[in-house]
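Shared between the two complexes below is chain A, which has chain B as its partner in the first and chain C in the second.
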Partner chain A sequence: MTDKKKGPKLVSRRNTLKGIGAGALLATTGMPKMMGYAQAQTSEPIKIGFQVHRTGIGAAYGRWYDRTTQAAVKRINDMGGINGRPVEIVAEDDGTDPKRGAEVVEKFASQHNCDIAFGTLFSHVVFGSAPRAGELKLPYFVVSEGHHVASGKLNRYTLQPGITDVKSQVQAMAPFVGDNLGKKVTMIYPDFAFGHDHRDFFSEAIERQGGQVVAKIAVPPAETSFTKYFPKIPRDTEVVYHVMVGPAVLTFVKELGEFFGPSRPEIFGFIDSLEAVDINSPGLEFLEGTYFWEGMPRYAQANQTSHDKLYREAVGVDENGASTSDPKDVSTFAHMFGCWETLNIVKKGMESAGYKGPEDRAKLIEAVEAMSDMPMSDDHPQGAKRFNGKTHQTFGSQYISKVTDGKLVVSHTTSIEDTLYEDEVDYTTQPF
Partner chain B sequence: MTDIQRSNWLHIGVVIALACSFFILPEYHSGNLARILVLAVYAMGYNLLFGYTGLLSLGHALFFAAGMYGLGLAMQFFDFNPIAAVIAGLILALVVSICVGFLALRTTGVAFMIVTLMFAQAGYLTILYFGEYTRGDEGFVIQQADRMVGMIDLTSPMGRFFTALLLFAICFFIIAYIVRSGFGLALVAIRENEERATMLGYDVMRLKLQAVVISGVMSGSAGAAYALLFGYAGATFATVQYSIFPLLWVLLGGAGVTIGPLIGTIFMFYLIDYSSAITPAYMLIAGLALVLLTLFAPQGLAGELRRRFLPWLP
Partner chain C sequence: MRVRAFVNALIMAWFVILSTTKIAAAHVSEQGIVLLLPTNIYIISGCLAVISSMLLVAFLPHDRVFSFFKPLRIRLPSFDFVFQNALLKDAISLVSLAIVLCLIVIGAVGSRDPLVNMLPLSIWTFWWIVIFMMHSVFGNIWSWINPWSGLYNRALKHVGLGLKLPRQIGCWPAIIVFIAFYGFIIADIAPDDPARLSNFVLGYLIFTFLGLIIFGAESWFKQVECFTILFSFLAQLSPFKINAHGRGWHIGLPGWQALRQRNIPFTQALFLLSVLGSGSFDGVNETFWWLVQIDINPLAFPGRSAVVWPSTLGIIGANILLYVIFAICIWLGLKVVNYGYSGADHSAKTNVNFQRIFSALAISVLPIAAVYHASHYLTTSMVNGQYLIAALSDPLGNGSNILGLENYQVTTGYLNEIASVRRIWLSQASLVVLGHIIAVLMAHYVIAKHFNTWKDVVIFHIPIALFMATYTWFGLWLLAAPKGA
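And now, the complex of A and B:
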């Protein structure tokens, strides 16, 4: 037997290279997690993750939310940005899908290192995304008009400061409907949560006015023909209240007109039934003399404010609420102002919080929670707002317009007080 | 090394590699992986029925949603803790899959596809109909504070990832065991030639029902895990789109290969994630990739791997 003594093993060049390679791999892949998010340099842009419905059921809204957002950011940047830093929009399509919505929020927080997320409209996407925003501690500014924020179902990181919610809108409509159109109301609404909110909130509100809902006609989602629902409207109906969303809204309204013919009851609708649809489309002539709720008047009114004018020019919307480059491309005017106003509120919030980077996200939320009255201005062209920091929900005037000569003419504007209701949550008691 | 040993090492190795990846990958990708693992469980359940038994269902979203709502409603209305709620989700998925299997298996081929699709659609509309409790399409949030198991916070990156991995590993090993067992081989026999399996004396109806139930419960476990780990339950997950997804994942990854669903889910997830960064028409890119894969790798990625290099892949 031989006893071979092994000498000290030298580190070979191959092993050294392997070690360097492994180190480099660890540095490029593992380091981000170990180091966390590096603090933003002051010259770096403020990144706003824009969760946009580019595809799916919300695509028509998404297109106009996108245009409004780009216009608002351009204006903010032209005015010097936020705290001297330019604003950059990082847009991601959520497919109007709650699963993809949550993934997009994660992408904003940990891939793009966005400062906030913003812009979601459809309620189910908000519900799917908000839990992740809260867990990732990413301020999430939604433009949804759902009652979900003020209902207390979400979390402290989710706010809706730029658009009113459906509960306040519906509640403010009931006095006008009861006093001017009739007391016996038949409601036609989509048979899902958004429609159920209308059904429940309006039923309560009209009863307070001494009226009653004589029939509640729920239309299943994805319905393409509506004629079979209209015979359910009771003969003693004085007012038909309709709200519909989705790609079949035009068919819905046309078939409603065909059903009634020349003699119809009073009709009151939410403009959601005709968002992005030309009100002068063939078959909609029967709408003449009917009433619509509008979040913001689609047609420039006789008493148009300078704020409305500036806003339309910036976004590229003409006096009829259509694109300045294509009159057939009708906007979602009643909702999209929410993007504009939300971004201006974010700007104010960041400035008052002295926002520097993600470490100041809690300060940003506290700064927005501290906001209250916001007068009508170029930042708030829809009208004055009153933000409730406890419920994270804003309140504002609503518009009721009458179709007159093929245009929507405002016939009544509610006060902010008409839209208020009791707090259902106090998010400020929740820890960050 | 025998094929069985290779297979064992493969499955153990995949789970170990996934566990290590949490410490290596950046936060965004490890977060994605947690979601992918849950969805891969859904795809594995689908693969058992489609890839191994040859039954093409277009209604698996019903099972996924059963698990999701079983857990979600139990937590929402009965204050179940997460473990009890998961069990509630599994029980609901079990009951639904027995009922659906019992009725749908009276049909075959295209009729089976249509019947399962109709059951899923009925399930979706049921969720909407009981919107007062389910909040319909809008869904509901399962609050962060309710998603704790003992000291484990399921909303933390690590808690979420390793819970997803645990579920994945359990289902992965169960599938690996099943496909090598006599039961699994009988399912393959049914897939290859149902009449011959009947002639050989197998109780085909019973075996297929068992496959539907195992597949349904596994899909339900994914639904329950999704609601628990990501804090949301909604009717969207019961739509036909979510019945098509596992079919795509399995076709892309490799039908009838245990690792196929994981590969397919990862591939599809990142295909959409990266292509959406390039163009708003990202579904066009995704569609093109799917067509190319179908043309040049009709057996899916893992299936092609098995055909060319690794014939022992289970």
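And now, the complex of A and C:
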């Protein structure tokens, strides 16, 4: 609050539409004869229904998804909008609830006349909302990283073009882990679907590398102390792979550190455990020298790209991945880029489809399905992407970072090929 | 060691209360850090503080206990032209009505984002947290700002139908409305949704106006309108009282005004317990413990829609459970006191009856309910307060920037820091402990007024004291417990 007058010019939801007039006008002046009509017809904003976790368990993510979305829309509008039309975000809180999610999707389609729905993170909300989006024939662009889209369980109207899915992320870790950290892996994971996905995807992938999961330690979800599980870690373990989540994560790491002391195996985890958590939090000293998957490197690296720089500035995030208005306010950096990239893909899709209104929704989906390679750019600051139009899922590089002097330093970037797997569905065969 | 930890806790708490001008919010990292704090030591210290206060008060002469709650009279202008000004009071109520109507419209047509729209921020952050707590400090603000009394006094009173609600039903309707309201907070799928909330606020506004027209203010405000009853009780915790006609001000220990109230009706006592019961459940329902009881994975909360029934039954059950536990404490106390007279002089048996002492003692849970509310909502108010400030800069959502907050970004940053999380936690815990100590003193006061001998007072107090000590533990545990919803 005290810093509100300092720092770079940040984006608030209120000014995302400002300045669009000039951009929209520029974009329409290419059609002098049509201008009067076109101006009248196209000055209507493109409405994007933003299904945001404002309340409920996803609220910490929702706050940053909102900031990123507002920043992406401001940039798009500053550049002239989409097809010369301004973009307007209609944010509805889904309460991180699947039933409410479906209601929100319905509101976007019937009440707010949105062109598309966008932005959902939590998988159970995607599962609850996607069927309704399909029934309403509303393109639904999720930013969830769940495997649900590519698994074929959803429908032709649901797409995930801006963020990779957990299956590809996990399997892409195996070559690095197997080659650099060790072949004998003990997995510690919470005993429910999220943990089981990691267990199954990674076990399969490490075996392909000639490695082996020597122990699978499933921790009951309600557990808040973990010392009794650590003696189960076999002595010949070379790597501990952990994916604990929830409030007890800091306790888990602290107790793991106390258990091993100075002589520990290599340790690899997913940053999901510590997303929006300061890596220098108490108890996390033990993480020094351990490795994490990151969707996008939280700390600006020595070889920072201009795209990463532009993206951070636009969202208001500093070189440590925290808010420029409060260095203690750590963002959900590994995930929120998905909102930025998805909106840029929506823009490209609408432009190549010549999107005019809801009657062109199917054309928009076809246009996105036709996309494939997207190079790293200001539109894709996380890295290059390869979209699979059949499975409606994007693929991209993953980052493995080592905690070095209290910062996450990238030590390996996977190729897109490392992340690919066989198609499990072809949505393009489904009718609209 | 424990005493020192507790003293440290109090010092830290005051430091936060006095020095914290920055704002914070709740998310998983805060919870994670709380789990790293030595909360067990803090909890034991807090409980010991409350138990010590019980022992201390047990050995004090009654007059001494009574003197705690004797207010000081201060010669200060009483400002009758403000505080006794019925016209001004009605005018403020009418302005409040106008603001509520504007908020209802904003809720219906403004931003769909509950952290941008003024309606949910005004209702849940400003009214339900800030205004609620201000009553315990400044007195009955609601009697001035409620949206009904102005219009009723100036117009509707004259068109009233003159019916009366039966006296026998007491404030049962208010209890039902209050628990239903809490059910809306806890069990509804989207109580923050601006459109949904707009309908609820409008519905309640009309419901109350209709009630006032049909049954009159006397009946409706005392038997049905739960917030009028709630806030007038909370206002009795205020240390201040401004007397009319130049009789100065009175200032005393919080609760002194509440203890002046004679003959609290039984249903009002149940209402007081409902405030505590509902407030306590609004906290329990987020804990790992509760989620495990209702077979929900605490690491993958499926959303409110999956727990509508457990939450609804939970809040009803929590209230009934509290009524029963409180009644058992009273019954047990009376039983033991009377047991002391069995075989002896039968005529000396206490003539204090169950219902009378139950009703009188219920007032002592009021400070506990107030501090629960404050501590439970502290972090929420810190983050949503920031959103409220941002929204005030653009109340109509038309892009105006009245407060010049264009670059304003809400932060939850210092919940990532152990020092600030500890300060916040200890502030909450200290509030809970202080509330219980006042409750213990108030309970002792009430008991001492009802029983003749020191022995009877102490014996009767034991079950209630155990109840309050347990509640202290429960309140502190609630602050420390891992949460998953």
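Following the convention adopted for this analysis, the second predicted complex is superposed on the first by the 379 of 432 C-alpha atoms of A that agree within 3 Å, B and C clash if a C-alpha of one lies under 4 Å from a C-alpha of the other, contacts with A are read in each partner's own complex, and residues count from 1 in each chain.
Throughout what follows, a contact is a pair of C-beta atoms (placed from the backbone, for glycine too) under 8 Å apart; a residue touches a chain by one contact, two chains touch by 3 or more.
Source: prediction; values computed, not measured.
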Open item on the list: Going by the contact rule set out at the top, does A:H124 touch chain B (first), chain C (second), both, or neither?
Closed with: both
* Would you sort A:R235 into first (chain B), second (chain C), both or neither based on which partner it touches? => neither
Q: Based on the superposed arrangement, let me know which partner A:G134 touches: chain B (first), chain C (second), both, or neither?
A: first
For A:D93 in the superposed arrangement: first (chain B), second (chain C), both or neither?
both
Partner chain(s) touched by A:K328 [first = chain B, second = chain C, both, neither]: second
Between chain B and chain C, the one with more contact residues on chain A is chain C
- In the superposed arrangement, does A:T251 touch chain B (first), chain C (second), both or neither? second
With the two complexes superposed on chain A, say which partner A:R54 touches: chain B (first), chain C (second), both, or neither.
both
In chain A, both chain B and chain C touch residues 54-55, 92-93, 97-100, 103, 107, 124, 128, 192-194, 221
As the complex stands, chain B meets chain A at residues 23-28, 30-32, 35, 125, 128-129, 131-132, 135-144, 155, 230-232, 234-237, 272-273, 276-277, 280, 282-283
Note: in the complex, chain C contacts chain A through residues 21-23, 27-29, 31-36, 111-116, 189-190, 192-193, 288, 291-292, 297-306, 386, 389-390, 394, 397, 399, 401, 405-414, 416-418, 482-485
As the complex stands, chain A meets chain B at residues 26, 29-30, 32-33, 54-55, 92-93, 97-100, 102-103, 106-107, 110-111, 123-124, 127-128, 130-132, 134-135, 146, 148, 153-155, 191-194, 196, 220-221
Contacts from chain A onto chain C in the complex sit at residues 1-2, 4-5, 7, 9-10, 12-15, 17-18, 52, 54-57, 59-60, 63, 66-67, 90-93, 95-100, 103, 107, 112, 124-125, 128, 190, 192-194, 221-222, 224, 245-251, 254, 276-278, 281-283, 316, 322-323, 325-330
